[in-house]
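So that you can tell them apart, the chains are marked A, B, C and D in the order they are listed, and the count of residues begins at 1 in each.
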Amino acid sequence: MQNILKIKNLNKNFGGVIATKNLNLSVLDGDIHAIIGPNGAGKTTLVSQIFGQVFPDSGQIFFQNIDVTQISEYKKSRLGINRTFQITSVMKSMTVSENIQLATDKIRENSLNFFTTFTNKNYVLEKVDFCLGQVGLIEANNQPVASLSHGDCRKLEIAMALASDAKLLLLDEPMAGLGPSETQEMIALLNKLKGKQTILLVEHDMDAVFALADRISVLVSGEIIATGEPNNIRHDSKVQKAYLGEA
Amino acid sequence: MDYTLLLIQVLNGLQLGVLLFLVASGLTLVFGILDFVNLAHGSIYMLGAFVCASLTYALDSYLLAVILALPIIGIIGYVFEVFLARPLYSRDHLDHVLGTFGAILVIDTIAHLIWGPAGIAIPLPNYLDGQIKISENIELPTFRVLIIIVGLLAAFGLLWLVNFTRLGMLIRAGASNRTMVSALGIDIRTLFAIVFAIGATLAGMAGMLIAPITEASLGMGNNVIITAFVVIIVGGIGSVKGALVAALLIGLIDTLGRAFLDDFFKIFMSTAAAENSAPAISSMSIYLIMALILSFKPNGLFPPRLR
Amino acid sequence: MKKVMAAIIFCNFVVSSAVAAEIKIGFVTTLTTPAAVIGEDMKNAVNLALEHLNGKAGSHKIEVVFGDDGFAPDTGKQVTDRLLKQDKVDIIAGYIWSHVLLASRKSVLDAGKILISSNAGPSQMASKLCHENFFSASWQNDQTPMAMGEVFNKAGIKSLYIMAPNYAAGKDMVAGIERTFKGQVVGKDLTKWGADAQLDFSAELAKAKVSGADGLFVFYPGAASGAFTKQYHQAGLKDLLPLYSVFTIDGISLPKLQAANFSGIVGSKVTQQWDPSLDNQANKKFVNDFKKQFGKYPSFYAAQSYDTINMIASAVMAVDGDMSDVAGLRSALKSANYNSVRGKYSYGNNNFPIQNFYLREVVEDSDGNWTTEVVDTVFTNHQDPFAADCKLK
Amino acid sequence: MQFIKPLKFFILASLLVFPILFNQIGMSFYLDLATRLCILAIAAVGLNLILGYGGMISFGHAAYLGLGAYAVGIPAHHWLYGGLDFLATTNGFVHILIAIAISGLFALLTGLICLKTKGVYFIMITMAFSQMAYYLFVSIEEYGGDDGLVINTRSEIPLINLDDPIQMFLVSFSSLIFFMWLVHLITKSNFGLILSGIKDNEARMVSLGYNVYFHKLIAFIFSGIICGFAGVLLGNFTTFISPEMIDWSRSGELMFMVILGGVATVMGPLFGAIVFVILEEVLSSITIYWHLPFGLLLITVVLFFRGGLSSLFSK
């Protein structure tokens, strides 16, 4: 398998506070790659740099062998990197279907279509149905998002990410704020995607991480201290000392 | 250039600046902490002038009138907060704008009904009515000097209040984190009402200070409110320090523009053209400055850290 | 929506059927904003004129419909249209402000109605925009400052600093003074005017002070006059830079200035075509009754408004109430055959008055009220300088 | 997806029929009122595109009305008095073209700067630019400065005579219908969907790969052009234009029409304009203190009728 994302010697300082330190990371195509680490380890900063909301001080980020280090957010999204947010971020005043429509490439590519009801209508609507089917929200199709539960909103975010045909999906704590049963549903949902979708998963919930991840990287104080398969990570002494031991 | 004239104009600009600050500081507090857009702030400035004028004639003393008018305006501000502002806090800015615009119309018309369309001139006691000799050839009207001093005192008083007192700490905390203040056991509604009343009192005070110069007149509030908004936008919403800097900046630019722009224009255009365009360009200058600053610093000169 | 429309129709029928036999005069003035202080004075004078006429011109009832221009040209035009189309007035009069008159002019003249200005006298309407159906009951803007310039020449004033608001009349006033004044103008400031006019003149006064001029000439009508006079007083310019003004110190500002005790302006001189002390029968009756009813001296705005109504009444009588006889109205107005409070005057080819201009001084009357009295006649039968540019014969 | 519901159709039909009827029985004033109403409603429709659908609260849209009106007044002025021969014309199509070009350009240039800011900063910077336009026209002596410019000849358009009040009204009314339909189409298009998305959650739209700044700018320009067109009609209707029309209070009035009627609705701006114009007319003819009941009404609407007047109809 080949690298879809490769990060080389990434550094980021916030007014003297080191958030990312000489970081190297490779994500293999098709993997669910989890990043774990204690609070304040720099996970969110890393995600923001990969996605383009924050630019690194030095180092490089390659996506499918293209240097995307200095590319702005919306352009990265167009290249095929898509993300969800720690705090649910959807268009609350619109319907479920409209949210997903906005995520499809056909709407985006014809964004300056002013006068006709949207082009490739069938293609888009089929895609909406398909993605909603994947996350089990097909019933909610025409409901306003405001009426959805928190768990359903998170599912909607996954559906939007799917609709965007992302080559790399960044999930920033998808389990945050979910109840136990909702967490199980989310794990099952992500499991369904395993093998079909490359996912970079940042998550606190260790059960979820070990149930889903093909590979895990451990981030402590802005540095990756270990990368490997779940079993190896579980037994890595450095990780146990720095992270699991204290948790 | 004539440096005496320049110095006098700088002092004139300073006087305009401190008055703008008095109006803008209340606006920026209410805006920054309560997230409430109050277009009717200028009407309170106007009420300050009218109430002070009436009291001056009733008591036959300008100073007594000011002392009595300040708490009256504070109470009016408090009442305004309870009946109009409070129900609108949870709404968006559009509703604030529409509601307080309605309030402007109501307050202005009521003032028209009470005081008539004519402005009211306020007589000053003799010791304030003359001039002060600052140097050999610089003389300034005593009252304008007084405005500068009172205005600066109020400005530093407010900065001290916001930065070094418990009330100020609560105000700053309330701006960034409402729940935290509530968690401290402070009644946030009372805190907001106090902030509102302080803001109203400062605006009313500005009206009382300007009235002996320009008279208390209808519509005076609407002239000042837009400039005051420019001040708080340039200074950064919610920042008292920013409001001070921006108010002085805009006071100076406006005054110096009016004073020297036509002479400057005459260098490269005909006298007639300069005389025609200079007044308009100098009126435009504060908006130019605002657009310029916002295009480089979209959140003003001193953006508040937390919002 | 339908109900509102229905209500409007209803009101309109009631009103129009009740007043069919009357002669309606539309009177546009400023009734809101601080400038309403002028409008109220004019309104009072109009009502006094109606009272003196017993509401009739000969046997014909006259009714006056007032319109508020809100001190803005486009509102003024809008209200003029409403008076013409909704109230269906027979004749339009009033107008304090030159820019409002300029904006409204076309509506009235296109409708074939007579337009009479009770105050504004913009130069354009005396020259290339003159019209047979437009009459001035006041003066052309340039005339009063021209008289002032003549006064300066006589008094030996060599240099002047000039301040005026930046609008049509302000520019005419400046042009007027420059027309006759033989000395040098050392500085000039045009300040912002309109609903949010500039009222703090500190920067301009400081410039004027150091300019070294012999005198300061200003034009600040209405609400601005009080503010200006006070600041002039506070800046301590009284002895350094004597103040000369037109349309600034008048019956409206004097009571206010007296209440605030600005004794500095007693003795200051202004020019005008009218004065409360003018000795003629009509003026005595007007001034006395005005004082009795409103407790203060009338301003020149009031005098001109009073004249306007009497002038219209004389024309209505001349055509015996037939308002469709525009030619008849026109020739009656042109003869100025009524008892004007300024005394006898005549009309030039551009329908602006040819009249006297007086130098007046601010004095205290026998009751202790401040007013003005005539001290000299500057111009006799003076015609405005634009008459030659008007195509009318 | 229905463009017009029966009740709304009835209102539009009344707006078309009654003024003409009134005019025929000699009450031409109401025809003028309706014309003014239609023109202001067009401007409100234009503003609603960005304010209602795009969440961009512009406090400077009167500037476009002014630019449109000056695009009629200035060429007509030169046609009558000479000077600037390349501009001098009374051709209505040229006037419209100039208005569209100038208001589009003004929207582009100011939008580039304004759209960098958000929230109240955006409100104030749009106001600042319109004030600059205001003072610009105040300073141009040639076009009357503060005193305004009388438009002596209306735009000439083949087969249409704008000097005839009925034709003037019909042109304004049909333009209003056209722009309501156009904005309706835009809001149902891809672009409209994206615009609503931006209004709702700008950060998410960025992360979905949309160039938010660009799309906002396009909407801003569209909106400006619609108001510029309304300005052409306004200039022809009033035959007078002064900087006063660009003043911030006029921008405020446009905003209030949109909010009063209900933001992000097809009919909202029209309802707002109807209520605004009729109230202004009725109240101001009753008393010069009409600002008092008008202000109280505004406060009442804000406090008790959220979502504006059209929310009363849509129930």
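The rule is short, and it goes like this: contacts are C-beta pairs under 8 Å (C-beta built on N, C-alpha and C of every residue); 3 or more make two chains touch, one makes a residue touch a chain.
Keep in mind the model is a prediction, meaning the values are calculated, not measured.
By the document's definition of touch, common neighbours of subunit C and subunit D comprise B. Listed by label, the chains that touch subunit B and also subunit C are D. Comparing mean CA positions across the assembly, the chain most remote from subunit A is C.
Looking at B-D and A-D side by side, the one with more C-beta contacts is B-D. One simple way to say how far apart two chains are is to compare their mean CA positions; for subunit B and subunit D this gives 32 Å.
Per-chain Cα centroids separate subunit A from subunit B by 49 Å. With centres taken as mean Cα positions, subunit C sits 75 Å from subunit A. Distance from the subunit A centre to the subunit D centre is 44 Å, each centre being the mean of its Cα atoms. Annotation for subunit D: residues touching 2 or more other chains are 138, 145, 291.
For subunit A, residues touching at least two other chains: there are none.
Among the residues of subunit C, those touching two or more other chains are numbered 31-32, 36, 166.
Shown are all chain pairs that touch, namely A-D, B-C, B-D, C-D. Only residues 31, 37, 84, 87-88, 91, 93-95, 97-99, 101-106, 108-110, 112-113, 222, 226, 229-230, 233, 237, 276-277, 279-281, 283-284, 287-288, 290-291, 294-295, 298-300 of subunit B touch subunit D when the two sit together in their complex. For subunit D in complex with subunit C, the residues that touch the partner chain are 11, 14, 18, 22, 27-30, 32, 138, 144-148, 150, 152, 238-242, 244-245, 274, 278, 282, 284-285, 288, 291. Residues 51, 73-75, 77-78, 82-83, 85, 89-94, 98, 101-103, 107-108, 110-119, 160, 164 of subunit A are the ones touching subunit D in the complex. Residue ranges on subunit D touching subunit B, taken from their complex, read 51, 57, 113, 116-121, 123-125, 127-129, 131-132, 135-136, 138-139, 141, 145, 248-249, 252, 255-256, 259-260, 263, 289, 291-292, 294-299, 301-303, 306.
On the subunit C side of its complex with subunit D, the touching residues are 1-2, 4-5, 8-9, 12, 31-32, 36, 68, 72-74, 77-78, 81-82, 85-86, 98-99, 102-103, 105-107, 166-168, 193-194.
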